[in-house]
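Take a look at the structures listed below.
Here subunit A shows up in two complexes: once beside subunit B, once beside subunit C.
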Partner chain A sequence: MLRFFVKRALLAVLTLFAISVTVFVLFFMGPADPAASMCGSKACTMAQHEQIVKSLELDKSPVTQYASYMRGVFVGREIGSDSLKIKCEAPCLGVNFRTYEPVKDIIGRTLPITFSIVLGAAVVYVLFGTALGMISAIWRGSIFDRLAAGTALTFASTQIFFLGSLILLIFVYKTGWLPRPQYISPSTDFFGWIGGMLTPWIALGLINSASYSRFSRAQMIETLGEDYIRTARAKGLGMRAVYFRHALRAAITPIVTIAGIDIGGQLGGVAITETTFSLPGMGKTALGAVVSQNLPIVMAVVLFGAVFIVLSNVIVDMLYAVIDPRVKLGSSGR
Partner chain B sequence: MTANESPYLEVADLQVRFRTEDGLVQAVNGVSFSVERGKTLGIVGESGSGKSVTSLSIMGLHNPKSTTMKGSIKVGGKELIGLSQDQLRKLRGRDVSMIFQDPLTALHPFYTIGRQIVEAYRIHHPDASKAVAKKRAIEMLDRVGIPQPDRRFKQYPHEFSGGMRQRAMIAMSLVNDPNLLIADEPTTALDVTVQAQILDLLEDLQREFNSAVILITHDLGVVSQVADDVLVMYGGRVAEFGTVEQIMRSAQHPYTWGLLASMPSLHGDPDAELLPIKGNPPSLLNIPSGCVFHPRCAYAMLKGGPCDVEVPELLPLRFADEPGHTVACHLPERERNRTYQEDIASVGVAQ
Partner chain C sequence: MRKTVKALAFGALAVGVALSAACTKNTGDSGTNKQAEAQKFIVDYKGETVTPAPEIEGAKSGGTMTVVQEADFEHLDPSQIYVSNALNYSQLFYRTLTTYIETGKEGDPTKLVGDLATNAGETTDGGKTWKYTLRDGLKYEDGSPILSKDIAYTVSRAFGPLGAQGPQFIQAALDANYGKDGGYTGPTADKPYAPGISTPDDKTIIFSFATPHLEVPYLVAFPTTAPIPAAKDTKEKYEREFVSSGPYKRKEYVAGTKLVLEKNPNWDPKTDPLRHQYVDQWVFDMTADPKAQTDRLTAATGPDAAAVMMDNVPPNSIPTVKGNAELMKRVFTGPNQYVYYLNINTTRVTDVDVRRALNYALDRDAYIKALGGPDVADPATTIQSPVLPSYKKFDVYPSLPDGHGDVEKAKKLLEGKTVPKLTFCTSNTTANQNVAAVLVESFKRAGFEITPKFIERSAYYTTIGVKGVDCDLMSSAWGQDYPDSNSVLGVLMDGTKIVAEGNNNYSYFNESTINDKLKTLREMQDRGAAAALYGDLDEQIMKDFAPVVPLRYGRNFTIAGPNVGGTFLNQYSQFNATSSYVKS
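Right after this comes the complex of A and B.
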């Protein structure tokens, strides 16, 4: 068990290092001039431009910049020159090139929104999709089965910016049945949080349920053909116990794996969801930062995304060991 | 224990058909047999002979939507055909229980052995407390020869060896003290040395519980060790029925001869070649006319003969003094006896 965690932690550190270097290199290889973009629409004078470059250490070599960035992460650093000096405490992720707001604060502000969208929607579509698939498997060939497959496929072939806008138009703006999408912290108003997140959850839920219902249907059908299901019936168990206690228990295992990896990956597409529902989350912020060449924000979002994926993989492995007694953590490497 | 007047299990003219996408599968076609308590019936045949389908019918485990069953299955005097799923469920595991071929796949991989046995017990003893059920499960594990049963109780199937797993499976199937035990190829997935132990265990337990046992196998060697009677099935029909003595010493059906000749013997000539039965078992979607076995039978009377035209009836022997020995074959009995003596008696397990 300990071996497993040490191994995984080392691997995570390596991954994060590789990603941070890659982002830095890409940024400096590109034709970017962050200082120019900071001047905004009004062109700066040469002196002003020089000033910005100096204050942000953009004139130093990438290696030096990387080193001071990393120093900031672990011990903190000071950013800027005499006129504008910002003390950035560890873990310092740099400052927004334009507003000088610490990136840490930006992440702290946007991360809960993104997490609410991604994790909340995942709960909706994993539960709903899996339930749909299980019922379809039990009643396979029935009208329900065909209808469920057809409906799920229809929703799956739409895009979030289309289905999301449609839901907003019909259920929010025309009829007012659903509350307007917004982020309210769950600690202040839990039901307000749910209400504000409802529209993206429904839209993502409808789109992503299809893959889970198909996968869990196939998984359940396979499990129902297993010998131990026949044994369960031969014992005299009722069908409900056979389905829920025996079949579901076995069929759910691979679904957990897929869900864990998938949720980690959902972060990538979250920018579109946030834009559709006008929620100022991490994805939307990152998109803006890329356009305005705001390296510290891009860097932080990419690193957080990587941490999230690495973490979700570790959680999946741990869950796997919990739900499948045949899996022992740490023995996979040998 | 007094002998029962009527057999515990009576199957009469059983027909089982499945509707599939490819057509109607005639899996079992007019099969009759009976088993008394304390006796073991061996059902022998190749895959697709209908032996497993027959046993699953007794358990009522076929999908009622796609299966048609006709005839009669009486367990302890109670007719099973026509019972609702719920009524059948109450019989399963309590009056009739089953052991399957591969205990690794037949046991749930995610539950401990103990939990699975406890579950089997509590289905039919809903008032029993968990502690009582656990005590009973550990008792059964001990009874089937699993060392340290209270430690083993908490282990998962993958932590057991093959033989131990089959013992645990047997413990689970006997936990409710069933009157009829169906063992479907119980030793096929096991090492030969373990096979003998499991067969011995089954015999011991049968004596102890005085239950009726059906042993389904393709292995005449196994049958000769433990069975009292033998039912040879082919293509969903009964080819031959008799006591184990009768089948091993004076088999009458060419298919039984084929089975005997295709099995190696420890006592025979080690250089003697095994004689496999030519061809493949028939497709149950498209059963051959007349005797199902005639396309593979070396002795079939074809040119205008009855073998490919008429289905042979299962009839008692006329000349030999072998009560109960029945065979479904068109060949004249004398000719069969002669062929057996000349061709079969010297090969394979028949020795």
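Right after this comes the complex of A and C.
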């Protein structure tokens, strides 16, 4: 187990290092002039441009800037020129080029929003999708099965900006049946948080549940055909116990894998969902940062996204061991 | 995303006396597409403006007003504010030495008056020295007095990095070395104030310049003069921790998400000629893109009944809005401050007849349609915007009645000439790619061969601002920074200001007779008389030199909730905040 974690941790560090270098290289290889962006659309005076360049430390070489960034992450640093020194404590992810707001504050306020969207929607699509797939498998060939397959296909081929806008138009703006999407911290108003998140959860949940229902259906059908299921039935075990205790448990392992990777990927930013529902999460913030060439924000979001993917993979591996006793972490037999 | 072009819209201009000048007023005329109408402008040098501000007819107290916007304000630090949305709404919590009063009623003049100061400024030496005296009873939100040294500190602070993204006019006027070695870079123990600033007492601040600066009353209307108490200057954090001098103060600020303002009990209406405090609370919801803003304001349910949208309705949504007669009663339209040009590089396209032919050949009708139609733009024929006091309506290269230009006249001008192949530079956006295709086809009719060159968006203005740039035609937009054509023709058409980099004169137009006229106009003390002459000069430049092809005037098309009262689209192309109230 320990060896497994050490290996994973080393791999994670290497991955993050490679990604951080890539982002820096891409940024400086491109035709970027963040100082010009900060100056606005009119031609900037040279003095103004120079002052912004210095305050953002863009006059230093990319290598120096990268070293400085990494030093900030671990021990903190001071950013800016002599006339404006901004103290950025570790873990310093830099400051917003435009407003000098610490990037970790930006991540701190956008991350809970992205988390709320992704995890809530995951509950919807994993539970709903798996349940739908399971029932379809049990009633294979029935009208329900066909209806479920058709519905799944419809949602799977729908885009979030279309379904989301449709839900907003009908259920929020026209009828008022659902509350307007907004983020309210669950610690201040738990039901307000649920209300504000309902629409993105439904939209993202429905679209993603399609693949889960199809996948779980196939897995269930395959598992239900296994010898040990037949044996369990032959021994007189009740159908409920057969489906839930044996068939579902075996079928769910690959579903957990996909869910883990999906959630990890989505935590890096569900920009389109956030934009559709006007929720200022990490993805929407990153999009704005890319347009305005706000490197520290882009860097932080990319790194966080990578961390989530790496972490989700580790968690999935661990869950394997819990769900399926045949799997042993780090064993040479795998 | 909404444009955050660093330019302001202002009304008209005159000095001392009311003048007849052109200015735009957006009156929420239920979607009618009226052109700008004439309006007067007054500068109150004598301090005759009354305080408190006259009550708004039908105004009620109480309620919460919501402003729905796409993202956070670019800046709320007074030294950095330069974008029109922040210029507008920061008036709720910042006061400046001077300010503008608009009523939104047609025929009423726009006034430039003393805000913290008793008048728009006093000068006895033709504009080299300007004296401002503060009103009695001015306080910050904590009840401490606002002193002249605070304003001196704020203006001086803008010379440093915390002012680098804001307006630069007063810095450049006060310090000839600003931005160069030896220039002032912000308050220090031995140099607390920028050169030329003095505060003989707690209520007086004096600005002294090496040369006359008649535009100072306008420059000190920028938040650059909104007082910051030095002891409470949290530097880079001041963006989010600002101290109020206006009728509202910060209650809650979640950057990028929400700003809530509540009443400032230490603001005294008897000291303020502009602002009201009708609304209990202002909520700035920074999460809705223009489409979502339109949807919310269309539904206008719950708190959105007393909401305004900060951006314009996206062109794709305009037909839906126009199809809803009830909704159209809440739509506010009108021209805005921006004029869009096709600059002709006069150092490369040296034949004026070729430049004239380009003006004749433009198919404005197709161009406007490519942008979204007449609801988002009006065809332009002048360099100055209709919202500028010195605007003069003329069209020296008239199109045929169908709006598609006059190709025959263009061809005639080109007779016997080798029509040059031209490179058209524009920033790389989807809209510009559509527009480029239309322009290429448009000019092709007269025999021009145009090759578009798309330049990365953020580097665009820096690239075309380099003298010697290899573009023949360049697209650009301009809105005046303050209500004087010195901020339009004086910037765009003055050849003496052409430098190696960072130019705004993208036509690189350098004509000594025009330069001389611009100098004469700039030095005229009677700015009202100057305004009238700028209109004639605009026409002369277009007729004799044609350095640009004016493309379009921008338009506003935006929505307010049914419970919003007392507002109108003001000089910032925003809903006027200082007069707004919640109806019920």
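Basically, the second predicted complex is superposed on the first by the 325 of 334 C-alpha atoms of A that agree within 3 Å, B and C clash if a C-alpha of one lies under 4 Å from a C-alpha of the other, contacts with A are read in each partner's own complex, and residues count from 1 in each chain.
One rule holds for everything that comes next: a contact is a pair of C-beta atoms (placed from the backbone, for glycine too) under 8 Å apart; a residue touches a chain by one contact, two chains touch by 3 or more.
Remember, it's a predicted structure, so these values are computed and weren't measured experimentally.
In the superposition on chain A, A:R249 makes contact with subunit B only, not with subunit C. When the shared chain is aligned, subunit C comes close enough to touch A:R109, but subunit B does not. In the superposition on chain A, A:S142 contacts neither subunit B nor subunit C.
The larger set of touched subunit A residues comes from C, when the choice is between subunit B and subunit C. Of the two partner chains placed by the overlay, only subunit B lies in contact with A:E226; subunit C stays clear of it.
When the two structures are aligned on the shared chain, A:S61 is found in touch with neither subunit B nor subunit C.
When the two structures are aligned on the shared chain, A:Q159 is found in touch with neither subunit B nor subunit C. In the superposed pair of complexes, A:I323 makes contact with subunit B only, with no contact to subunit C.
In the superposition on chain A, A:Q182 makes contact with subunit C only, not with subunit B.
Using the contact criterion defined above for the overlaid structures, shared-chain residue A:A234 touches subunit B, although it does not reach subunit C. Those residues of subunit A lying in contact with subunit C across their complex are 31-34, 36-52, 54-55, 80-81, 83-84, 86, 95, 98-101, 105-106, 109-110, 168-169, 172-174, 176, 180, 182-183, 275, 278-280, 285, 288, 291-293.
Of all residues in subunit C, those touching subunit A in their complex are 1, 3-7, 71-72, 74-75, 82-83, 160-162, 164-165, 168, 172, 178-180, 183, 185-186, 235-237, 239-240, 254-257, 286-289, 292, 295-296, 298-299, 301-302, 456, 458-459, 461-462, 464-465, 477-478, 501-504.
Listed in rising order, the residues of subunit B touching subunit A in the complex are 59, 61, 85-86, 89-94, 97-98, 100, 102, 105-112, 119-120, 123-124, 156, 158, 172.
By the touch rule above, subunit A contacts subunit B in their complex via residues 226-228, 230-239, 246, 249-250, 253, 323-326.
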